[in-house]
Each structure stands twice: as structure tokens, then as C-alpha cells.
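Okay, got some structures for you below.
Both complexes shown next keep subunit A, but they swap its partner, so subunit B is in the first and subunit C is in the second.
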Partner chain A sequence: MQTSLTRRQAIARLAGAAGTAAFAPSAIATSARRKQLLVLFLSGGASQLETWDPKPGTKFGGPFRAINTSLDGVRIGELLPHTAKIMHRLAVVRSVNSNLPDHEKGHYAIQAGRLAPGYPVLGSAVANLLEQPGDVLPGYITLRRAGPKAYTDTGDAGFLGAKYEGVRVIDGLPPENLMVPAGINAAALQSRDAVRRAADQRFLRSHAKAPINGYSTTFDQARALMQRREIFDLQAESPKDIERYGRHDFGKNCMLARRLLEAGVPCVRVVHFDWDAHQDNFYWHQMRCAEFDRTFVTLLDDLEQRGMLEHTLVVVTGEMGRTPQINNLGGRDHWGRAWSVAMAGCGIKQGIVHGATNDLGTEVKEHEVGIGDLFHTYLTALGIDSSADYDLNGQTNPIADPAAKPIKAVLA
Partner chain B sequence: MPINPAKTQLIIEHKNEVPLMSCVFSPNGKHLLAGGRDASIACIDVASGKKIALAGHDSWISEMARTANDLVLTCDYVGHVIAWDCSGDVPKLRWNIEAHPCTIRALAVSADGKSFATGDRDGALRLWHCTDGKLLRELPRSEHPLYGIALHPDGKRIITADRQPKKPTIKVCDLTSGSELLKIEVPELSGYRNVEDIEWGGIRGLTLTPDGALIIACGRGGYDGPASLLLYDTSSGKFQRKLASTMKGFSYTARCHRDGFIMAASGEIAKGEFRAWHRDEDKSLAETATNGPCTCLDIHPDHKRFAITQAIGKSSYPETGVVAFYEWEG
Partner chain C sequence: MSPRIPHHLLTLLCLAASLGARGEGLHNQIDVLLAKDWAAAKVRPAAMSSDPEFLRRLHLDLNGVIPTAAETRAFLEDTHPDKRVRLIDQLLGRPEYSLHMARVFDVMLIERRLPAVKSYDVAVAAWRTYLAEAFAANKPWNALVREVLASDGSDELQPAAVKFYVSRDADPHQLTRDVGRVFLGADLQCAQCHDDPRFSDYKQADYFGIYAFLSRMSFHRDAKLNRSFISEKAVGDVSFTSVFTTEQGKTNPRLPGGEMIADPMLEKGKEYVSAPTSTARGVPVYSRRKQLAEQMPRTETPGFARNLGNRLWAMMLGRGLVHPLDLHHAKNPPSHPAVLSALEQWLVEHRCDIKGCLREIALSRCYQLSSELPAGSEPMADAFAVAPLRGLTPEQMRWSLLRASGRLDASFMRAEEQLKKTKPAEVEAKLKDWHWVKENYEALEKATTTLIAAFTPLPGTDDSKIDPVVDHALFLLNNPKLMDLIKAAPGTAFDRWSAFTNPAAMAEDVYLSIFNRLPLADEAAEVVKIVSATKTAKDRAEALQPLVWGLLLSAEFRFNH
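Moving on, here comes the complex of A and B:
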């Protein structure tokens, strides 16, 4: 299958590219400004009660207190003290009901905006929908550590094909074989590439175009990365900045994410692991939140100071929330019926808390939001018409679930 | 006549509105204080059975300990320590300090009752005056969360236990300088799993025998292993013995009876037990199953009675708690 632009897509992309201004380059040369997406994925499922939707002093509230934030009348968990100071820059949806208390299903559904299999996840969709002529870098890059691998790599491009599959950067290292092997000179490299292209052309005469174009794109992207491998060199950052982001995996990956966005990658996803706290939930959330909190705020500050936040949508989500009930081992288990997602940046209203859960946090009581609504919202914030269709060789398929709709209350 | 640990008798049970995770008798034995998943402390008059709530914390109660002179110390998930004066008919709050900026999971009182030590989630280790809660000194920080502390009866050493992934570690340090005298790695109590990259186990409690000769580390023998106690020689660090339950789960607390046996409180999902061993024998002397996880145990100062706390619920979500008082027959 091959994708092509529908009329509405073309208009949406033009809208997305409109208003681009000269962008102050950092150490890394940047491509023209466009809408971009950064997903901070809290893998395993963060507890909404310890983060965005605390219920202190209630039956299931846990041991931690709620703290005031920069947003009048809004309190969040005390484990996020830095985030509390920038709440006026965020939009938090406290009324997500995905009803999927399952890692794999949740990972796919929250990122694809659907339950039905085979659809592209957010990163792949955005890579396709925000693609511009002349793009050479991958459209979607996921940053994560080597293990665990569970849950985080499901889905991806779906029917969009290999071209829009996410490139995985493991442990902050450039993708393997980025360097030209020793002993291969430029002439040999060019000659080999010519052979590959000739083979592609021959295959194209008798085989489906999509996979061959996908392979070809992979080679082109690999070559582009080879030419831009300085992106991965975090040593180019000052020790002070490395310290600000944190020396842990999440901090390093967030710094790398910023560099990739600066380089023009349309979508970057950073996976923050270990939120699946079936035991000792409160211990683990202290540890996880301590890493997330400062790094998240540092990243947002940097994006804002560099003028990137106005064209970059930042989404903080996991695949589900955690049970209000606390189990025997001090853990919270899987819960999809009432949890929270946060957003910032491009296309998002600042200082909004949308929806509410009941007093115990067990159910949504106001403005329920589903996975499809979130997907529509992300695309709309990026200037993409989420009611448009993919055109797959004449066969159309809705970009987002037609039964869902954007959350107007959080859109700028 | 020595106590026979196999002959125990339930005296009374007190229900509690929330699961209970810790308990301690007051120094004079008149009260038992118990705390858990709320900010109030259940205070039970041992003689009358009358139960009152003590207010002062504003988070869940994590650890408790008694001093040699009237005080019970309680600490919580947000780093506060409260001293309760238990010399009267009702315990009274003597002082309340913000000892740490995060959860305190380790608390121990010196044998002379003059000082106490606290350890927190971030590995900070602090020594305090019991009388007024003033900081005596900060000791070298652990790189891992501290889950147990003991102050040696010689007054010169402090023993800590952490939750280091893959190899929870006990350290014996000089109490004055903080310098490390001995390090004991305890991988047997690790519950590390690659799939989540999380240490699910670790040392969950630390106790010294009254003579200070042995360190008792509480925990679980692997990710899904039995509730276990590991005994180490305090001076050499040499492993002495593993005291394992037949029940899978965690041992949370160990207490030493003056007649030489060790009692442990242990729990698993929706069940628990307390069990007694002689320190020189692998086979346990007695065990008693409990309805819910047995989260803590304390021996009355008269060494004729003891109390346990439990978390009670029909499924894996406990919603209430129990304090149960037992006595040894004879």
C-alpha cells in the first residue's frame, strides 16, 4: 500500500507548515519549523492518584499529600513539586476512561486511538501526516533503554507500512551500523548503493511498490542519520545541562529527544519505564516521579526558551492508570476507567484541568474522555484535520476514529 | 521457667478501620501503638482494651520504636517523626520533627534510649536526640533506599540495610565517623526481575539479637520465594543461618525473646503467619497462620505477651486491619 495526500490532508499540512518563521539554530542545524510531537510515555501505567489527580485523606488516597500549583485552586500530588510550579502551562485531562487495564492492548489503543488492530500509532501517523518534501530524517523515533522490551513496541505503522515504522534508539546509542565500516571507502559505498538502487528499480517493475519504497526510505534515512550522527553526541551539551536533565536514562533520553526535535524529526517518543507498581506503589512512585518531575520541567523550559514549544505538542501519557484500591503488597494494579493525561505546547490551551473523577477516584464523574478523543485532540493540536482520511491507493480510511472527537476544552 | 513458643493463646483482637503495618508496646507496657494506612495511630490500653486514636501525623505511618525511657517514636511516609510520651494514662505528643523530606522506612533507638537513627527513601541516614528531637549528626548517605537500621548495644556501631537492586546490602559502620566497617551483600533476599528492571524484594526489616552478636535480615527468598530471615555474624559478617518459612511471602519484622527464640511476622496476598525459631536451628519451633498478612509483631516488655498487626481483606485489596494480642501459656 502506498499513501498519498487527500485534498484535506494537503490543506492540513499546509496549515501545519504555515506561519513558520526563522528558527534560531542551536549547535545542531535545524530544518524548517513545522509542527512536531513529543510523547513522554510512562510505560507500565503511572498512578493518577500519585500524580495528576490526588485524593489525599480518602480511603484510596495513599500516603502522599496534594500540593498547591501555579494554577489557582488546582492541586497535584506532592511527588511532582517542580511540575506544580508550571501547571499554568499545562492542560491536564483527569477524566480518561480507556477501560483497558492491560499493558499490550493499552499501549496500542492509547497510541492508535482505536481498539481495532492495524492502525498506525500516533508517532507513525504524525510522521506520515506531517511529512514534507525533502524530509530525510526518520519521521518517528522512539527512545528507550534496552530492556524491558515488553509492551512498548507494539503496533507502530500499521497499514502505513515500513516507511513510517518508528526507528528505535536504544540506550541513547545511535542506531546500529550508523558508521561506515572501516575499509569501505566513499567510492565503494557509492558503488554498492548504485547496485541496491538498480535492484530496487528492477523489483519495482514486477513487485508491489510499498515495501520496496519502504526499504529505500530506510536506506535514505540511515544515510541521513550517518551524516547527522552528531545529534546523538550528548557530550556536546554542557555538564550543567546534562545535570539539569538528570543523569538517568530518562534525563538523557529527554535531552536527546530535544536534539532530535531540533534536527527536525517530526515525532519523538521517550519511554520512561517502571511505573507498573503492583508492589510498593508508593516507593516506586517516589522514585519514578523524582526522575520524571525535574526532567519534564527542564525539557519544557528548554523547548520554550528555544522557541520550540509553540510548534511542538508535548503529551504525557501511559497505557493506563492504576487502581484506586491498594493491594496487599502496597501496590496499585491496572486501571483504565479513570485516569489522567497531560499536554503542553502547540495547539493546547494553557492552565486547563478538564474533567473530574469521583471522590474516591474510582470512576469519571465529569467530561469523560476516550482514547479516540485523545487521538483526535493530539492531531488537531498539531494542525491536522483529524476528520480527514488516509488515501491508500484510492481506498480511504479515517485518520482518527469517526465516533470520537477532539476535546475542544483543551484546544487553543 | 522459660517460655515455650509453641504454646500461644489469643487474648483479644481489635479491629481497625484501615490496614495496619506496624506496632510497638510502650516502654512501660501499658499501651500498644499501631499504625498503617492512614495518619492516625491506634493506641490500645493493654489492661482495659480501650482504644483511642492519636493524631499528629499527616501521612501513613511507616515505622515505630520504643525508647528505654517513656517514649515511643513513630514516623511516616512524608518524613516526620513524632515522640509520644507514654508515661501517663494516655500517650501525649512530646515533639514532632520534619526529619526527612521523604518517606522514612528505617528507625532504631539506641540501647541507652538517648538517641535514635532514621533512614529514608533517598538513603539519608541521621542520628537524633531522643529527648528533644534535635539532630545529632548526619551520617554518610547510602546510594540506595534504607529499609532497616539497628544501633548496636555497644554504642559504637550502626547497622543499615538497603534495597539495592540484585544485591540488597547490610553495612556495619562506625557510629561516630560513619566509616564503613563491614559490608554484607544479601542477594538471597533480592526479588529483582529483568522484565521490569525493578527490585521487588530487598531487606524489609533489620534486627539485632539482644547481645548484638547477630544481625537478622528480614525479607523474601527470591522473587516468589518463602518468607525468610537471614542471620549474619555482626563482627565478621559471616553468614550464619537461613530461617525460612514454608509460606511464600515476605518476612517484615523479627523480634528476639529473652529466652533465646526469634519471632517473625510474615505475609503474602490475603494470608500471613507468625513463626518462632531458635537461633541455632533451621526448623521452626512454632507457627500460627493469620487471616491476613501479618505485617508486624512486637513482644511486650514483660516477655509474656506479644501483639501482631494485620491487613485484612477478602481479595488482594485489604481495607481494614487487626491488632491481635497473644500470650504464651505458662
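Moving on, here comes the complex of A and C:
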């Protein structure tokens, strides 16, 4: 399903919209204090050996060098030169063992922090757990390029329901239908909304509340998005800033992510595609890392400068790592047994590398970390008690896998 | 050979048999078993549904669309004690039943998947026609599944049925997973790489046992015919290694819990009917894939009848007795094991009769409970003690919007008029003929693609978790295509409503059309207030628009309740 509007057209239309509530800077100031989450998802699975955990000169090390970083004694792959300069602000876990060499399962399990199906993914969970009375913007927005990989959207809100589903923004296009239809007067719209609300109030009296309220919320979210559609307009940014982020989809989406966080959206995810390098792994990682590296550092700098990083947790993860073994097409395959994840910002200790793999990078050598541990860690960093339960209609469910625990070493 | 006639006769015989045993019957069994479970768990069930609740729910579940105002009024005024049973049989006998089931089973079997090259897919129209034909004849589930798994796209076999394979790119791993999930209720995916550590019932050997049936197949596109086929080799063995234990195994085709099936010995050089080449598909003399079609769809296959029972239950009650539908294993037991056993047993005895089973479920008290909560409590969803609020599926939403707005019936009215002019002798037969009805639905389908696209979730998702999201709300609030439905146009509900000069009668018709019930006193008063100041039909239509729009946006319309 291809939308007929180009981005430019859509924005031009938005800019021309009459009678829209201006995007009030004061709203940013008041809503920006709360804790927020930004997930940069390297979809397909980035190679830990070409990024956070290089093993140059070893059997599986590949052709690239390791370079010094701003953190004494810590070296990362040479494809991340900008990131190397800010390592003292990051926490990197080099000992992730998820054991899930599969895109679809990995996408879900890494983000839900468990294997069992039906749970909310990180963005949906945090949207629910950090929800405040009076919130109207969607709790979770996920940004990606239009792509054939439907599994990037699997998982979502699970038993939390539609209200916490990630709102998908594809190719930076604002959601469709943000404009009031032509030729309808304001009084008619008001009267329509009053009829809907009155009907729902009556229906609520005798029926299950959760689905009715969930549905009703989607209309509140719709109104909030309609009022604030300027958020999606990157034309408001200077060409210089657009250049800093990069003119590729990841750059634009990261810039949009910053704007959404500024506007008070609690959780944002940006998906960066094409890390699944079964062939020509080294060529692909040059391309991918070049996009990721500069944009990531620009984004972190901006968040810091605007005073946002102290209350925003930034997580860099994919659904898995890549095999140390290099296949006969020069590729690395799916691999979950020893790979890396990075974090920064809210609640995270700065300048730390946790855990290690063995010399060849084939196994975790110390401080093994599972997907449940990471999930606990993210929540704890955001000030959420990860040992608590969801309580939905009297049915309790642990927020995070009770068999796992937060990684104390990376928490501030 | 036409297998359709004997199946049809058998089904009739079975139906007659179950009717003869009234008072016993599966629906009574369900009620007795559930009542026992409710008593044990101290669950208070909801009251019986009101007539409007039952009518709307049944229409949505069996015909896929809400009833018309006229149908609603007729049912509410009917005083016959057996009117619910009659309605069930009436709706099961309509052409719309076959069309609705074709849509439901399309989504269940294909899960909105698309092949990598979208244009290589089997056309939806041909596939839906195939399914509608099957449901019109009430083809037993095992026969339907056999055709789906046997089809290779060639004309001798049901060619449209190959969509199950084509929509998954004929990928043996994807198909192994989905054959397990869709037909046996078990997701063996984790067992692809190792014995599933969560569920001792899912073994790596089971996964590869199914995989061995499918591993020799591949997708084949015939560029000349411009059609998609399945190609199959006569050779290829399956071995596997656990990523945990590095334990190795080798397997021939085998169903979970069954015996390995040995390949027959064929003379060398005579393995193929036609050998695969770079341009031609392979057709082996002995097809492992056809063995799967032969061996799996049998009531003796563990899980086969149970999965059908669970899925039919979920279609009618909003969730499975085993839930999620594809995770039947020891650690996820059915919420009501005896009910599931009864369904399974019934399906075994009645040769996988889908229509008969739906009829029994519809007759049960459980199905006919109200969605209004019993005072002071909200029973858990898996107790089935109150009717759930189920979001309308994209198809139900589309057709119900078109019905409430009068567009659906205006369109059929025009088609019927046309028929009266051109083929007056055939009118009665055509109205009952699903082919004719389908043609007329298709015309509207083409005109309302935007409407359904707005509500359709991503490829790979089925209808078991339809949740409203903000995109739907934006569509309902702002999309011009929706606006088309709520303005006056010849033959639509708006025209009918604005013609009323008596505001109270108008209020009744509006509520019967949209909510399938009479308005409450305050609701009727509101309508009277809105239109009393208007003089012309045009004024009335304008005044009514916000009201109708608001009602279409309300939860009472959006949910099957």
C-alpha cells in the first residue's frame, strides 16, 4: 500500500493547513522533564566484530582495525570513528547471549525481554509504565523506512492493548488523514464528537471497560496528532542541521525522533535497516556504519545540548549479532550467543564496558547477560521498578522476566 | 470423479442425525460442561443476550455484516419461541455465509502473507471463489486441507488452492512452521534449531519430520503461462543438528507422534513424471508433499480435529479454548479441556463438518450470553462467562459501514432491478446463488478498497488480535472516502432518513440501521431535538450528519458485542 503523497507534498499540505493550533514551545518545556526512551534498532543484526567488540588479527576478526576511543584502554571497530570519540559517555555490554539466531523471534524477544509470546515490547511497556494522567500524544512512535520486512513491527503492545501499540511513521510521512475534511464546519465536528462520547459513556456503563476506553483513546491520540502535526515537518530545521544528521532515511528519522521526544512523546524507536549481511559483510558494514556512526553521535550531542539526555535513555540494539565465522560469500550469518548492546543517557553509568567475549569472539567469557537482564536494566535506568507486576483486570503479570535481573554494573 | 456430491449428502445426513438428537447435542454438552467449570471457579455468568445483541452478533459471525433495519425490526417483532434457532439456520443457509467464510478462512490460511514478488501471487478473487465453493458445499475440513496441501497450481488439482504455498514463497521452513500452526495448533518454530526448552512436547525431530515432507519443493514461475506453480524434486534427505547439544538426527517424513514414511524404491532414471529443468517444474513420480496432503488431514492425526474445534470456537467466541490458537502444549493447557474434547469428538464423529459445528456453538448458551457484565464482576476472558467485545475485522467493518449507510443494499437493489428487467424468470434463483451474490459484492469491493485498507493490519497477522489503533481513528475522523458514506445519495440510508417527517419514526430507523436496536428514550429525544427545527429533507440530512457520523465512530458500532 503506497501512499500517493510524497513527503514534500504532505508537508506542503500541512504547512498550508489553516486554523491549526501552533506547536507551543511551552508544551515542550513542561513535558520534557519526564523520563523518555529512544531505541535505535539495527535491524537484521549488526556484527559485534565490526562495531563494539572487534577482534582484529584473529581467525574471525575480518579486515578492519580496532581504534582507540575516548575511554582509556577500550578499542572499537574503525568503522565507528565518531562514536569512538564519545565512548566515555556510553555503556557497552559485550557479553550478550540471547541465543536467538532468528529475525522474527529475535525482534520480539530482544524487545520484550523474554521468549514467551504476548508481552509488550520495550517501547509499549515503557509507554504504559511511564504514562501520566492527561497524556494525549501516543506513548510510543516507531520510525522506519518503508521496507519489505514486516517483522520489524511484530510484537508491539501484546496484552497491554491497542493504546500502547507503536504508532508507525513510515518514511517520515506523518500518519495519513491528519487534515480535517474539507467543507465540514467546526460545529458539526464538535457535535459529531459529542455524539460519539455520549454513546461511549452509555455503552461503558454495562460493558467491559478496557476495550471501550482503548478505542476511545485512539480518538484522543488522533486529535493530539492533528493539533501537533508540525512535529513531522523537518522543513522547520535548517539545511545545516539536516546535513549534520545525514540526508539518508536513518538521519532524517533520527532528527524526527529528536523532535518527537522534544514534543513529549515518551518512547520513540528508529529502525535502521540492512544489517543482515550474509554476503559481503565487510562492504555492507562500511556502508551501514558510516550512516549510523555520524548520525548517532549528532543525535546524542543534540540531546545532551538540549538537556534531554539526562532524562532520556538511549538504547542501541539489534535482534542479534553476527557469526564470528565468515561464510564463503564473505558474509556473517545469524548469531545470538556472544554479541553487544550499547546504552547512554538516563540512569546509565558513563564510560563503561561490561562483560567480555573470548579471544575469537565465539563465546561470552565473563558477565554473561541475557535478554531478560537487558530488559530489567532498561526499565531500572528509567526509574521503573522492574520487579513489579502489571495488574490488568485482576490478572497480574511480571513486568520483566522474574528469572532475570538488572545489570548493576552499568546502572548509574 | 466429483467428491462434492457424496460429501454434501453425508453432511445432510449428519445434520439430520444431530437434529434428531436434540436436547443432547454438542451445544447442550458445552453448556453442561461450562456450567460445571463456572460453579467450581465461583464465576457468575452474564445473563442471556437480548434479541438485538444476539441478532447483530450472529449476523456478524455467520454472514460477516450487521443486519439491515428491516431485518432487525422483523426479528425483534417475531414472537416465535424458536426464532433464534430459525435465524441460525437461515443465516447458515444464505449465500453470504459462504462468502463470509471464504473471507475468514482466507485470512486464517494465508494470514495476509504475500510472496516476495507480489504479482506472482494467486489472485484473491480466484482463491476466494475456490473457498466460497467449498463452504457452499460444506466441504469437510479434511477434504479442504487435503486439496490445499496437494495443489501444485496445475489445472488437474484445485489451481487456486496453491495460494497457501505461493503466498509463503513455497519456502519449506516457513511452510513447516505454518502447517504446524494453522492445521495442528502447534508452533514448532523454536524446535527448528533445538528441542524447545519451554515445551517438552515440541521436539526438533517433529519439526524436521514435517519439514521432510516439504523440503523437496520450490516455487516455480511459468513465464509463458504467467502462472505460479510448485516444483518438486524426487531426491533430497533431511538431517539436522541441535545448536544446543550438537546432537544430530536424520529423518524421513513423519507427523508428530507418527511413524516415519519410507520413500518407495523407484527404478533409477524413472523418478520423474517430468524432471525439473531451468524452465520446467519438476513433477516426481513419488511426491513427499502429496504424502503430507494424504496423511495429515485426518481426524486420527493428533491435533488435527482439535485445532479445527479450537479455531471454530475462537471465530464465534473471540478467543480459543487454547489461546493463542497455535500454542497448544502442556504448559498452555485449554481453559476448559472437557469442552475442547467435546468439540474434537463431535468433529471426529461428524467428519469435520464446519457448518454443523458452528451451528452447535451458536445454539449454546455460552454463545448466547450477553456482553453486559454480570453485576459487580468482570469474569476473566478465558472463563467465557460474558460475551466479549471483539473489534470488527477489516471485512466486517467495511461491510457494516456500507450496510449502515445503506450503500450495500442500494447496490443490491439496483442489481436486482436490472435482473428483473433482463432475466425475470431467474430472479429468485439468482438471489440465492452465491455466484451472483459474490459478483455483486465484488463490484462494491473494488469501489471500497480504501475503506478496507485503512483497517487492515500488516502481512503475517491474522484476525485473532484486531485492535483499534490511532490510524483507524484518523481515517474515521478525516478521510474523504468515509465522508462519501455519510451524505445523502440516491437509495442510501441518508435519503430514507431525511424523508421521514415524523422525527420519532426517523430516530427508530436510524438506530435500527446503525446499532440494530431501538433508541432509548433520551436517544430518541436527541434526534427529535436535532431535526425538529428543520423543514426540508436537505436540512434534515445536514442536521443528521454529525449524529450518524458520531454513532458510526462509537464503540457500540466498532465492536461485535
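Here is the rule we use: the second predicted complex is superposed on the first by the 376 of 412 C-alpha atoms of A that agree within 3 Å, B and C clash if a C-alpha of one lies under 4 Å from a C-alpha of the other, contacts with A are read in each partner's own complex, and residues count from 1 in each chain.
To be clear about the criterion, a residue touches a chain if its C-beta (ideal position, glycine included) is under 8 Å from a C-beta of that chain, and two chains touch if they have at least 3 such contacts.
Predicted model, so just to flag it, every value in this text is computed and none were measured.
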{"item": "Subunit A as common anchor, with subunit B and subunit C clashing or fitting", "value": "fit"}
{"item": "First, second, both or neither for A:S216, with subunit B first and subunit C second", "value": "second"}
{"item": "Touching partner for A:I326 - first (subunit B), second (subunit C), both, neither", "value": "first"}
{"item": "Touching partner for A:L225 - first (subunit B), second (subunit C), both, neither", "value": "second"}
{"item": "Partner chain(s) touched by A:F203 [first = subunit B, second = subunit C, both, neither]", "value": "second"}
{"item": "Residue contacts with subunit A in the superposition, subunit B compared against subunit C", "value": "C"}
{"item": "First, second, both or neither for A:R192, with subunit B first and subunit C second", "value": "second"}
{"item": "Subunit B versus subunit C as contact partner of A:F273, first or second or both or neither", "value": "first"}
{"item": "Contacts of A:P117 with subunit B and subunit C, given as first, second, both or neither", "value": "second"}
{"item": "Smallest separation in angstrom, by C-alpha atoms, between subunit B and subunit C in the superposition", "value": "7"}
{"item": "Shared contact residues on subunit A - subunit B and subunit C", "value": "148, 150"}
{"item": "Subunit C contact footprint on subunit A (complex, rising order)", "value": "1, 99, 101-102, 105, 115-118, 138, 148, 150-151, 153-154, 157, 161-162, 165, 167-168, 175-182, 184, 188-189, 191-196, 198-200, 202-204, 206-208, 211-212, 214-216, 218-219, 221-222, 225-226, 393-395"}
{"item": "Residue ranges of subunit A in contact with subunit B within the complex", "value": "44, 57, 59, 62-65, 78, 145, 147-148, 150, 273-274, 276, 279-280, 282-284, 286-287, 323, 325-329"}
{"item": "Subunit A-facing residues of subunit B, complex", "value": "37, 39, 58-60, 76-78, 102-103, 105, 121, 145, 194-198, 200, 267-270, 292-293, 311, 313, 316-319"}
{"item": "Touching residues (chain side subunit C, partner subunit A) in the complex", "value": "116, 189-190, 193, 198, 243, 324, 327, 371-373, 378, 380, 386, 388-389, 391, 453, 458-460, 467-475, 477-480, 483, 520, 545-547, 549-551, 553-556, 558-559, 561"}
